[in-house]
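Next up: the structures, one after another.
Next, two complexes with subunit A in common: one pairs it with subunit B, the other with subunit C.
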Partner chain A sequence: MRMRAAALICLLGAVLLLTPQLGAAPPHPSLPGLPDPKVMVGEIGQYGGTFLDSQVSDPRTFNPVLAQETTSTGPLGYLFEGLVEDNGQTTETEPALAESWTTSKDGRTWTFVLRQGLRWNDGQPVTADDVLFTFQVVYDPRIPNSESDVLRVAGKPIQVAKVDARTVRFTTAEPFGPFLRVIGVPIIPRHKLEAAYNAGRFNQTWGLNTPPRELVGTGPYAMTEYKNAQRMVFVRNPHYWKVDTAGHRLPYIDRVVLTIVPDQDAHRLLFQAGQTDSYGVRPREYAEFKRGEKAGNYTVYDGGPSFGSQFLVFNQNPHSGLPAYKLKWFQTQKFRQAVAYAVDRQAIINQVFAGHAIPEYGPESPADKFFYNPRVMQYPYDLDKAARVLAEAGFKKGADGVLRDADGHPVQFVISTNSDNKDRVAIANIIRQDLTKLGMQVTLAPESFNTLVNKLVESFRWEAMVLGLTGGVDPHNGQNVWKSSGSLHMWYPKQPKPATPWEAQIDRYFNLAATTVDQNRRRAYYNQYQEIVAEQVPLIYTAIPNAYVAVRNKFGNIKFTAFGGAFWNFPVVFIKR
Partner chain B sequence: MARDLVADRLAVERRREAARARTPLQLAWRQLTRYKLALAGGAVLVVLYVTMLIAEFLAPYPLDFSDRSLYYAPPVGVHFVDAQGRWHLRPFVYAYRAVDPSLPAYAADTSRAYDIHFLVHGAPYRLLWLIPTDLHLLGVTPPARLFLLGSDQFGRDLLSRMLYGSRVSLMIGVLVVLVTFPIGMLLGGIAGYYGGVIDNLTMRAVEVLAAFPSFYLFLTLASVLPPTLSGGARLFMLSAVFSLVGWGGLARVIRGLVLSIREMEFVLAARAAGLRDLKVILRHVLPSTSSYVIVAATLTIPGAILGESGLSFLGLGIQEPSTSWGLLLAQAQSVDVLTQFPWLLYPGLAIVVAILAFNFLGDGVRDALDPRQRSV
Partner chain C sequence: MLRYIIRRVILLGPLLIGITLVSWAAIQLAPGSGNYFQSLVLQYPQISPSTISALRAQFGMDQPPWIQYLRWLWSIVHLNFGLSFAYNVPVTWLIGSRAANTLLLSVTSMVVAWSVALPLGIYSAVHQYSVTDGLLNTAAFVAISIPSFFSALLLLYGAYWTRLLPLQGLTSVDFDFLPWWGKILDIARHLVLPTIALGLFSVGGLMRYMRNYLLEVLRADFVKTARAKGLAERVVIYRHAVRNAINPLVTLFGFELGGLLSGAAFVENVLGYPGLGRLILEALLKKDVFVVMGTLLIGSVLLVLGNLVADILLAYVDPRIRYD
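Let's turn to the complex of A and B:
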């Protein structure tokens, strides 16, 4: 009770603060049966038309709980939504199915109120029971899904309780900083799935052979057709809960047709033939697509730096079977820093990303508007400096041009990377060339991706690798990389206890940031982690490519960002007449 | 009249006599000179192999040289007339000027002409692995670059890399023949000569080998080669991989030939004279298969060249910074590179030329060695 009183006072405070502005703002739009729809900002558009999209390869399931790969989660994004969603532009978490929420003082209890009048696309009302059912399924150990790990705080599931038909209360074992980032799991309809769940058939429900009309969601579209390896068709959901600023119910566009293609080149050809409306342009294709803008009647949008990073990592794992002297080089901070100085990031940007990238020194991307720390140690390309740093660490270049460590071992190692990724092979080649100038003997070994992953997580028998990671807004998602116990802590995974003081520091900041609810304090912790990583350079970062997308000019309200993509605000995107 | 006829008859007789007096090799050579295409093929091959041997001398730049500001630069134009319309005695080039680094697009900087110098001093090397020198055939003064066939993604001279790459591409065929043919001929010879159980076993082994899809076998074998192998060692290992698959077909044909040769009188004579079996096979039986073997060799070499190109194209053959024509061609794999930087296809042209030359020569040699095609 006390909690609700506090929440009420909070709400009253908010209302009081907002009151002076309310007079100037237009009246909040409402619809019959939907008193408080979510308003999406944008130009007022027109209804109608078809959006032609495309994706590489078929989905593997239509069950949003079981879906893991983007080929499944992508199309299901038209159908299912969570309590909260991320704003593609500000990257902040916003209300979605929930119209508001409150937090208790100790940061352990979150109370969400569902929007009034929400309906599934078959007309049934959305209630707190659906939310409870969703979390019951997610936490069920018999149901394999990736959410159940993410939704654990201090190893324990989040407690979910129904307060009334529209109110749900979540309780975490300890305060959990990234709570809002993880709580937006797609809500599934209890009235459709409970019978199958109780019968133990949930894992077989909503497979690819399900009649598309059976897939009942809250999203802006409903699926009407799926033809294996050909296409998916979606039509507008008439019960959708978002409106434009004039109070018209969204979405504007009537139909979405998603063509399934075998690979990215096929998608590209479809786009150039005018058979899809958008295409994610790779940096090296930028010039060509920019030239074709007029003829193809499209615009190439620049989203700025993306979340993808490419880096060189050295193996510091004592269980890797590496000779002790090699392990010693790789564990030496000065050695790694010297290599960082020897990375010609401008050459990588020019030659690999055709100039459409920025140099990268730290673990977070500037695309992350909130957590990115620009004041980390930088390693501008300087071979003389690299040689000096190596000399400080006891490495000497002999008269024969070979670099040797203090004990006389010549510095030679293998850089592996996955051969199917031409960008990484090129990056590795540029790095190799510069390290050769320093006197190191570096061999390049492009290998199959599976071999590489096996070395990384199982055999640990590798020396150096060029790899990439995709990031997100909240650094917490990267904890399996950065915490010393993480399975993707590439240079020495699954440490029983932190091997070095700086890894212990990073662990500490990650744990602190995870248990802090105040976002500004969390940012301070993550700033610390970024500075440590840049100083210790366990990963030697190279460059972050920019994100580009080509979209036909007929669409209005396109607000492309690297974070949200071209269609994060799809309900207000419309086709101009 | 009658005397003329007699004289003619005598002349023909003499010519026949002369023809009979020639060794089979001389006959074949005479025959070969009539196939212009075969001769042309042979000439091209001689040029290619000589270029390969003196690659360091001919290449304007060392193997791992790169100008990072000139990636994907188009072939440099060689001029005699400058922008002002003046004639130069020496051919010259202009330096590149970056117009748009993101495209990338370059234009010639016509403000200064850079003469092409002959026999310039550059990076030291050993000519024919013996003579230490630093002379190179061609060179220009930086900042101009002599990228006669353009540059690649890293700003490396394509022509130089093609010259170094020809070592791998042209040597691998020869190496494969050197390994495959002794094995194939010996095993085929033994199988055919003895027959029976030995023949049966050998031929079943050949069939098992033939039942493997060969390219996938290459892929598997090539992928287990350790990455630290040096360029040369890798070349040998790849040749071994190809040879392992390649000897079977040859052994089978040789065995068929030997089956009939072993019944011939000269073989019987050799055996009657008490020669050991191995000596009979090596000295009397196998030499009779030589015409087939020579032809098979000229046709095996291009197969190995293509095989290496295929493996390198897929990233399993030769590894950077070493290079081969297949690896160079792999850069032109994607549509956007192909359309924007078409000069990256030159290594493909080199492969085509070498393969055609081998095939023409092989065709000619086969006809030349075939007595039925021989006209006097």
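Let's turn to the complex of A and C:
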């Protein structure tokens, strides 16, 4: 991620992507009709074999533009790819269908050159027209999709123009910092989808009722079978555009079978019985799985902290119908800080995550190697300190042990959380116990997920909640949470103008970071935002669990990371013989 | 008889409209009316409110509830059950893709349950207060009290330790490459666990019903008369007592017919069975309204038809019953 802009310019004209450690580049591999394949680094493997994987539920759609949830985007990842892709290890953006790109001086124009000789898995060539078609569909107001929200700069769509059959030019209304992070939308085949699009049937195209062979993509695999609620089967795409360092066309593995296993316990048994090849180990199962490594012939990989966060949030929304004195507590920085000191993160780590987690104080995870700011204000567990901070804010604990504010209102509130998430209920319980020690009267209300969402985004009638969000590398993706106008700015959503000076500051840093192309300056802006959030604690963070996965030992080239998972480099993963 | 059937079928219409109205109201009034589209925002923080309202409009959910309902009713008349919000495919396709699997499991577990429960019930009634009767009754109460998802979980662990039966699903990975008899065998192997898990529960109940009804009849005067006439005990029990005791069970059978397509969400979840129950439960939790309404409607039709079948059967097994 360092020196992004410089690196990009260097990439212009470069045809190979090798890690610098390799030193002098070997003669670069090429294939007939595909002069510049992308080289994937790794041990030279063998062809053949089947990878048995599983997921928790059916995909919702096979249409990559409409797909949102991981149960759809996961399987579709075998089939569709973008102009660029993220490296699972370095988290950097790398060329994919595009072999190179250039940026103009003002940072508003990006020109991408497609790899020569790219083919869809039905043999048709991939051209700039497919890219144009993809963006036309994404931006069509008749086709609601979340990509179109991400791909907006200063509220305007990105202009896409064809230069020649292999070159596409993008122009943004303003310089756009996260451009490379968002531009990798899956490219769809115009020759297969244009008729449906023109007929206004795109929203119903490539649903689950489509024969799998109709799904034409550029990815390493093609789907051959889909049995609703049972499984998906993929076979190797013979036209794939990646090679190993010796120039063999990838992928190595012939067949992928993705079984749908709705129950987590069943999934675990299936892995232990040898009927799937990988299993996402939950922190509390870590010790047990580690013990079974030898007998089960697998390895448990440790990816370090994940991107998931769990936090407590107080309602600061004046339109929430909360009594004025309660609103005043929640809007008081000292009150929130005191609660932050009262959160026993070590207890949460031990009891909820079996010790396999780290305390969290700021909004970004250390899994984000580039944007994470470790120097934010921290709130180590200290009930005395919490009591002192509360006293500074005028709260007094009476002889009856009840905490009251300066006007004599006893401090009592309800923490809601979704009942189907055991971790969150446990976290809320641990927090409640400590707050009770401070003299607060806290009730825990586990509710259905839908009820919670309704309170959060529509009725606003709640007091405190324990919730979680998954993050990504670029903080820009969290702007709906952090900008005061955001609909997921949980404590006071959709503010007409920032309610507090610090929220105005965060807005400013988010806007600056979005319109800056220099990644180091962007990092400086996002550092500021992380410091403000930790100081103001609108969200009181608890702990980040580590990411673990168990994978059978028969696979070669596994490079597990919390960001990319165990199979981000799947084309070079092979089965040892 | 025919007139009776026609009358019942005609009455089906208003009854179904009533059912749709009630279930629509129930969905609208359910606590936390947070609908499917609203909950998208927490799952995909980057989604904008305008995208959410566009999605809502695409499915006609921006209209007032009673217009939504009338539109839905109108399309039902044209045999169009609408589109699923979550999957964006016709509800009929979703249901169709799983209906056969659910039917298969319901029928096998029903056949197994009835063919096990009835003989056991008769046996324990005839040998009332014997040791076997006591054991059977205890077993029946245990079977009734264990929730079926739990027995499914126990069976799953059993299958895991013994490695005799497949743990998940309805077919093996290489199902498509098997010969026809291999396919049948494969499905049969996969059906064992869910059939037991579902059947166990109903065996307990059915056995108790059979036992109680039979005991009641055995105390009746005509049984005494039959015995006094010197009829063989076999003939007394099977020709006279059981035939009279079976009436309430026939009604019960009708109810079970109604449940043929409702699936068993929990067992299906644990055993990864591709049935309707999973679909319905998921749709209900996510407020995927048209899927819920579609399955409710089909379930109701089956229930009403099942009752009709039961009534007809009743007239057949008991000559005393006449409908005209």
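Operating definition for what follows: the second predicted complex is superposed on the first by the 554 of 577 C-alpha atoms of A that agree within 3 Å, B and C clash if a C-alpha of one lies under 4 Å from a C-alpha of the other, contacts with A are read in each partner's own complex, and residues count from 1 in each chain.
Here is the rule we go by: a contact is a pair of C-beta atoms (placed from the backbone, for glycine too) under 8 Å apart; a residue touches a chain by one contact, two chains touch by 3 or more.
Computed from a predicted model, the values in this text were never measured in an experiment.
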Joint occupancy of subunit A by subunit B and subunit C, clash or fit: fit
First, second, both or neither for A:E447, with subunit B first and subunit C second: both
Subunit A: partner with more touched residues, subunit B or subunit C: C
First, second, both or neither for A:A354, with subunit B first and subunit C second: first
Angle at the Cα centre of subunit A, taken between the Cα centres of subunit B and subunit C once the superposition is applied, in steps of 10 degrees: 40
Subunit B versus subunit C as contact partner of A:V457, first or second or both or neither: second
Partner chain in contact with A:D344 - subunit B first, subunit C second, else both or neither: first
Partner chain(s) touched by A:S57 [first = subunit B, second = subunit C, both, neither]: second
Touched partner set for A:R523, first subunit B, second subunit C, both or neither: neither
First, second, both or neither for A:R181, with subunit B first and subunit C second: neither
Partner chain(s) touched by A:D265 [first = subunit B, second = subunit C, both, neither]: both
Shortest CA-CA distance in Å separating subunit B from subunit C in the superposed model: 8
Residues of subunit A that lie at the interface with subunit B and also at the interface with subunit C: 265, 447-448
Subunit A to subunit C touching residues, read off their complex: 50, 52, 57-58, 60-61, 63, 66, 68-69, 141, 144-146, 148-150, 203-204, 207-209, 225, 227-231, 233, 257, 259-263, 265-266, 269-270, 272-273, 275, 447-458, 467, 469, 477-481, 487-488, 494
Residues on subunit A engaged by subunit B in the complex (per definition of touch): 265, 268, 284-288, 344, 347, 350-352, 354-356, 414, 416, 419, 422, 425-426, 429-430, 432-433, 436, 443-448
Touching residues (chain side subunit B, partner subunit A) in the complex: 64, 66, 68, 71, 100-104, 153-155, 223, 227-228, 314-316, 319-321, 333-337, 339-340
Subunit C residues within the subunit A interface of the complex: 31-35, 38-49, 51-52, 54-55, 58, 83, 86-90, 93-94, 97-98, 101, 153, 156-157, 160, 163, 167-171, 173, 176, 268-272, 274-275, 278-279, 282, 285-287
